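These notes are about the structure you will find just below.
Letters are used for the chains, namely A, B, C and D, taken in the order the chains are written, and counting of residues starts over at 1 for each.
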Amino acid sequence: MKFRRQTFAAVLAAGAFCMAAAGAHAQSKVKVGFMLPYTGTYAALGNAIENGFRLYVQEQGGKLGGREVEYFKVDDESEPSKAVDNMNKLVKRDNVDVVVGTVHSGVVMAMAKVAKDTNTLLVVPNAGAGAVTGPMCAPNIFRSSFSNWQPGYAMGKVAGEKGAKKVVTITWKYAAGDESVEGFREGLKSAGGDVVKELTLPFPNVEFQALLTEIAATKPDAVYAFFAGGGAVKFVKDYAAAGLNKTIPLYGPGFLTDGTLEAQGAAAQGMLTTLHYADGLDVPKDKAFRADYTKTYKSAPDVYAVQGYDAAQMLGAGLLAVKGDVSKRNDLIAAMEKAHIDSPRGAFTLSKAHNPVQDIYLRKVVGNENHVEGVAVKALADPARGCKM
Amino acid sequence: MDLAVFLVQCLNAVQYGLLLFLVASGLTLIFGILGVINLAHGSFYMIGAYLAYALAPWAAAHLGGGFFTALLIGLVLSVAFGYVLEWAFVSYLYHRDHLQQVLMTYGLILVFEELRSILAGDDVHGVPPPSWLAGSIPLGHVMTYPVYRLFMSGVCVVVALGLYAIIARTRLGMAIRAGASNREMVQALGVDIRFLYRIVFAAGVALAVLAGMIAAPVSSVYPGMGNQVLIVSFVVVVIGGIGSIRGALVASLLVGFVDTFGNVLIPQVAGVLVYVLMAAVLLWRPEGLFRAG
Amino acid sequence: MPGDVLLRALDVTRRFGGLVAVDRVSITLVRNEVHAVIGTNGAGKSTLVNMLAGELAPTQGRVQLNGRDVTRWPQPRRARAGLGRTYQRTTIFPRASVFENCRLAAQAKSQYPFDWWTRAAHCHESSHRAERAIEQAGLAGQTQRLAGTLSHGQKRQLEIAMCLATGPHVLLLDEPLAGMGPEETERMLLLLSTLKPAHAILLVEHDMDAVFRIADHITVMVNGGVIASGDPDAIRVNADVQAAYLGESEAVGTA
Amino acid sequence: MKHRHRTDSAVAPLGLALVALAVFPFLGGQFYVDLVQTTMILSIFALSLELLVGTTGLVSFGHAAFFGIAAYATALLSPQADAPSLAWLLPAVLAATALAAAVIGAFSLRTRGVYFIMVTLAFAQMAYYVFHDTKLAGGSDGIYLYVKPVLAIGNFTLLDLASAHTFYYATLCALVAVYMLLALVKRSRFGHALAGIRANEQRMRAAGYSTYPYKLAAFVLAGTLAGVAGFLQAVKDGFVNPEMLAWHQSGAVLLMVILGGIGSLRGAVVGAFLFVLLKELFQSEALFGGFARHWQLPLGLTIIACVALMPNGVVAMPARLRRMRTPVPHAG
């Protein structure tokens, strides 16, 4: 008796695996795989990106390059150690034609690796890891967002032009922070200033008080901060609560204030940040996009939605050129490379390394908006160091 | 570092340490007296923060009160919540080994985190401090110190004194102290041990929720905020000695100082400092600084 | 043979903070002799045994085993050198059979920790020794039973069997009669008398009748110190001992 | 007789599982083959922890450290351009991991119980921050492994892990090897001594076992075997990230061991497969539609239910059911 029941259990378990293995095989649609965070800290970003992407496809009548689009979704959990498996889920199980993702830099590094190994088309709709369009660059890897370097560089330039000579930077000790600070330093140096102190704290600690005291003691001309999500909110609020915003201007890339202004409240008012998107842009495309998005999703779009939307545009441009025939990979890629993307952020093109060459706006926090102040750097391209393409 | 900066940093360290104490004290109570490793403790902190976020506007609109009304409601809710949770889940864990406690409370983390996502969404939200605490005190030339932070420290000190008074002076406290070492003695004191456990668990939950609520205006509320607190609270509890409130206080302050000065003086290794501290303390005293008993 | 000094403690002292748990106690264990240590609760008997066994380092004083100074030896090393002990609270492996309990104890003599190929059950040396110990301790009929299902008396016997399985010369027995009924006590005393010829036995015990029946030498401890030491007859009439025990009963009476 | 019966009933499902794993690549799609391979690697990882938790009674909450250290060692030791030889890479990686385990174990084992849990966590967190915060190996973004190792004699390639099929079977072999090694260890004198330490360390010391070296040996062996899993994971993914050492990774593997059932090797493997299977199930949009994004909720509830209903893990379930079926004979 015992023997039979255990055997039965083993068969059942094996069967369950096999059953799950049988997937659908329809070939008529373009298969798009979203590998985005749907749980955890970045869940809201993942949703916005997916919404943006779907919005563009919807505007095209549910088609890209004349073919209907079928979606596949995987929650990447912002977990790099599972990223390869999650990516394979889309690439090998669902046999998607293109993967769109993701937010977390560490995860995107793994995705780029799989995309390279399996020659899968990958469009990165957020993560700014320099390596993706640097050493890891490849013909089949595109980015619709930014590199960490870009907003940093622009902010450095602006800070320098505003007369900041000694600047203190503060960030979590991780790659994205390092890259952003590096960009800022380059920009600042080109405008005559320099970074006098680099403050860091371990990711994802949010106890900033000690470092704020350190800033107060250093008395720099300005502070450049790189944080995201809850950390960004807390930092901006702590900075204001410590009274530092009255004497030392706080600069940062747009992520410091994007999507978090409601939470930051009065603390963020008047802050200057740089990003490739802003509120109040005088771009017709943006006005239409915002109206559509708000109507469709009953919530206002943000920069992540724009990046998702543009990912769809880039892909659409490629598919259009090959009339939806994804097997003509080279033509598809060539068309994407040459595309002029009519983005809500303003039109942009792609660099050789497949990163947007875009205007970086200087924005000022007014009420609940990151209102555009002007263009910090026009058509800024990432240096794409280490890219051999 | 000149003297003024040094003193301000000390203030920062104490202030951070006190907040840690608030979370860790509940954990050490549950751990020491009930013998339950409660991984879901960070979730209670998160629940507290979201309660503050949800209740403050509601209390303002319907009851005319602000932050403090919300705080009071939150505390009542959390005690009730802790009581029910003990009855529904935790009470099964007393005669199970630590591993099963870890497993079940890990399951609870997942459940709480998803319920949070379903009920409150995944966005970051701010919680405004009460207006009369929103000001700040000048500190040196450049810096000011927010009054609210001082208020937080005040609450923590009051809670610490309150806990001390309860444990040292009252019959319940005697039962709690006895419970940590000897169950029969508790029964001899005429206290129903099941009731005692339920109360202690509810109190532990309430402490974490309180910490979350009063930290919310400073930290804002966001997904995953509980997990961060969890690990450092465990570090505090273990350094202090499991079940010892006094140990938790000393350890919190110790961690506060190490973290504060580590970030400033040796940022290269700031991430590991707290863990080095824990390992060092345990190698020196394998059962923490203060053994409960 | 009789007269061999196997274990000797010289002026061992143990302090816990300000408290002196054991105060300059000297004791000598001789083969073919049962040396009982009696005393009130908290007199330091268990602390003394722990120091002899090596579980606790003495603050001062020396311990000699077979004439060698073992003060700095940890417990396992002393055990391998022939020092066996039992505990007041039974320390058997309740989920294993009686045989495996003893076999595992016996295996300490032939550990071979890195021979991962041979099954433990095929270690003949330890099996053999375990069988002998089980027989000696009077558990021959119970070999395959789970230790946890034994009666209290049998568990105490097993505790001694596990001790014997390691082939010790010196036995430190911490209250082996605790909680036993009269019949079980008789059996245990019989067992001790059969072990006596080959072993030096230290017996910590509260059952005075049993102690005076079996002991060859008695040491009386009060508050960590020795107040009397000698053969049973001498102890019986010792004024200090009477005072100490009378004092205790008085204290109990008034509490 | 009783013993024989137990062995038979354990061998049959094991053999069947082995056959199922061996034929799986011919049945399942590429993704599922990959998934099963990952799960086998996790099984090795869980098995290594089982030696500590189940056999020796040492609950380590930092076991991911060795998984990660081995993965990093693999990535750092592999040359950029040409394929490293398995013959030296694997031993080197395992030696490095064993060394780390010896150092961490030597310190951690001075404490016990809950304190041991926390000290192992502390050391794992230290290792995590070493890889996360320093430029030693790519920092928080991780490091790539470009070429998969091969095993060759002269010009004849015995084993090329770049081939998915070969690698799958190499992983299966590793799983079987680790399983058998641990089965041997558990029935050897060493294993019995470890079980004795778990049941009552005081008695073991009184009997003459120096328990510290035993525990350290178990710790090093467990760490090294976790290193086997880390090595395979690194080679398979070609990418190593600090998150491999994170505390929730240590927690996850502990979960697998407990879920499957403490104290049995089968339990660790069953736990690993069950954990992966449950996650795949709850994440499936085909079954749960839009609710699939809240997959952690049913997973959490399942875990809670498991603790409530199966206190001894999944592998103890058949026996438990049987006991419920057979009415307990009343005495007298």
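Structure notes:
The rule we apply is simple: a residue touches a chain if its C-beta (ideal position, glycine included) is under 8 Å from a C-beta of that chain, and two chains touch if they have at least 3 such contacts.
Here the structure is a predicted model, which means the values were calculated and not measured.
Each chain gets a centre from its C-alpha atoms; the one nearest the centre of all protein C-alpha atoms is D. Put simply, the C-alpha centre of chain A and that of chain C have 71 angstrom between them.
We define each chain's centre as the mean of its Cα atoms; on that basis chain A and chain D are separated by 34 Å. For the pair chain B and chain C, the distance between C-alpha centroids works out to 48 Å. Note: centroid distance chain B to chain D, computed from Cα atoms, is 33 Å.
Residue positions of chain A touching 2 or more other chains: 39, 173, 202.
For chain D, residues that reach two or more other chains under the stated contact definition are 129, 132-133, 294, 296.
The set of chain B residues that touch two or more partner chains comprises 113-114, 117, 271.
If you draw each protein chain as a dot and join the dots that touch, the picture is not a line, a loop, a star, or fully joined; it has some other shape. Across the assembly, chains come into contact as A-B, A-D, B-D, C-D.
Touching chain B in their complex are the following residues of chain D: 53, 59, 107, 110-112, 114-115, 117-119, 121-123, 125-126, 129-130, 132-133, 247-248, 251, 254-255, 258-259, 262, 294, 296-297, 299-304, 306-308, 311. Those residues of chain D lying in contact with chain A across their complex are 8-9, 12-13, 16-17, 20, 24, 27-32, 34-36, 38, 129, 132-133, 138-142, 144, 236-239, 241-244, 246, 249, 273, 277, 280-281, 283-285, 292-296, 318-319, 321-322. Within the complex, the chain A residues that touch chain D are 1-3, 5-7, 9-11, 13-14, 16-18, 20-21, 23, 38-39, 73-75, 79-81, 83-85, 88-89, 91-94, 105-106, 109-110, 113, 117, 129, 131, 136, 173-176, 178, 202-203.
For chain D in complex with chain C, the touching residues are 181, 184-185, 187-193, 195-196, 199-200, 202-211, 213-214, 217. Contact residues on chain B toward chain D in their complex (touch as defined above): 31, 37, 89, 92, 96, 98-100, 102-104, 106-111, 113-115, 117-118, 227, 231, 234-235, 238, 242, 268-269, 271-272, 275-276, 278-279, 282-283, 286-288.
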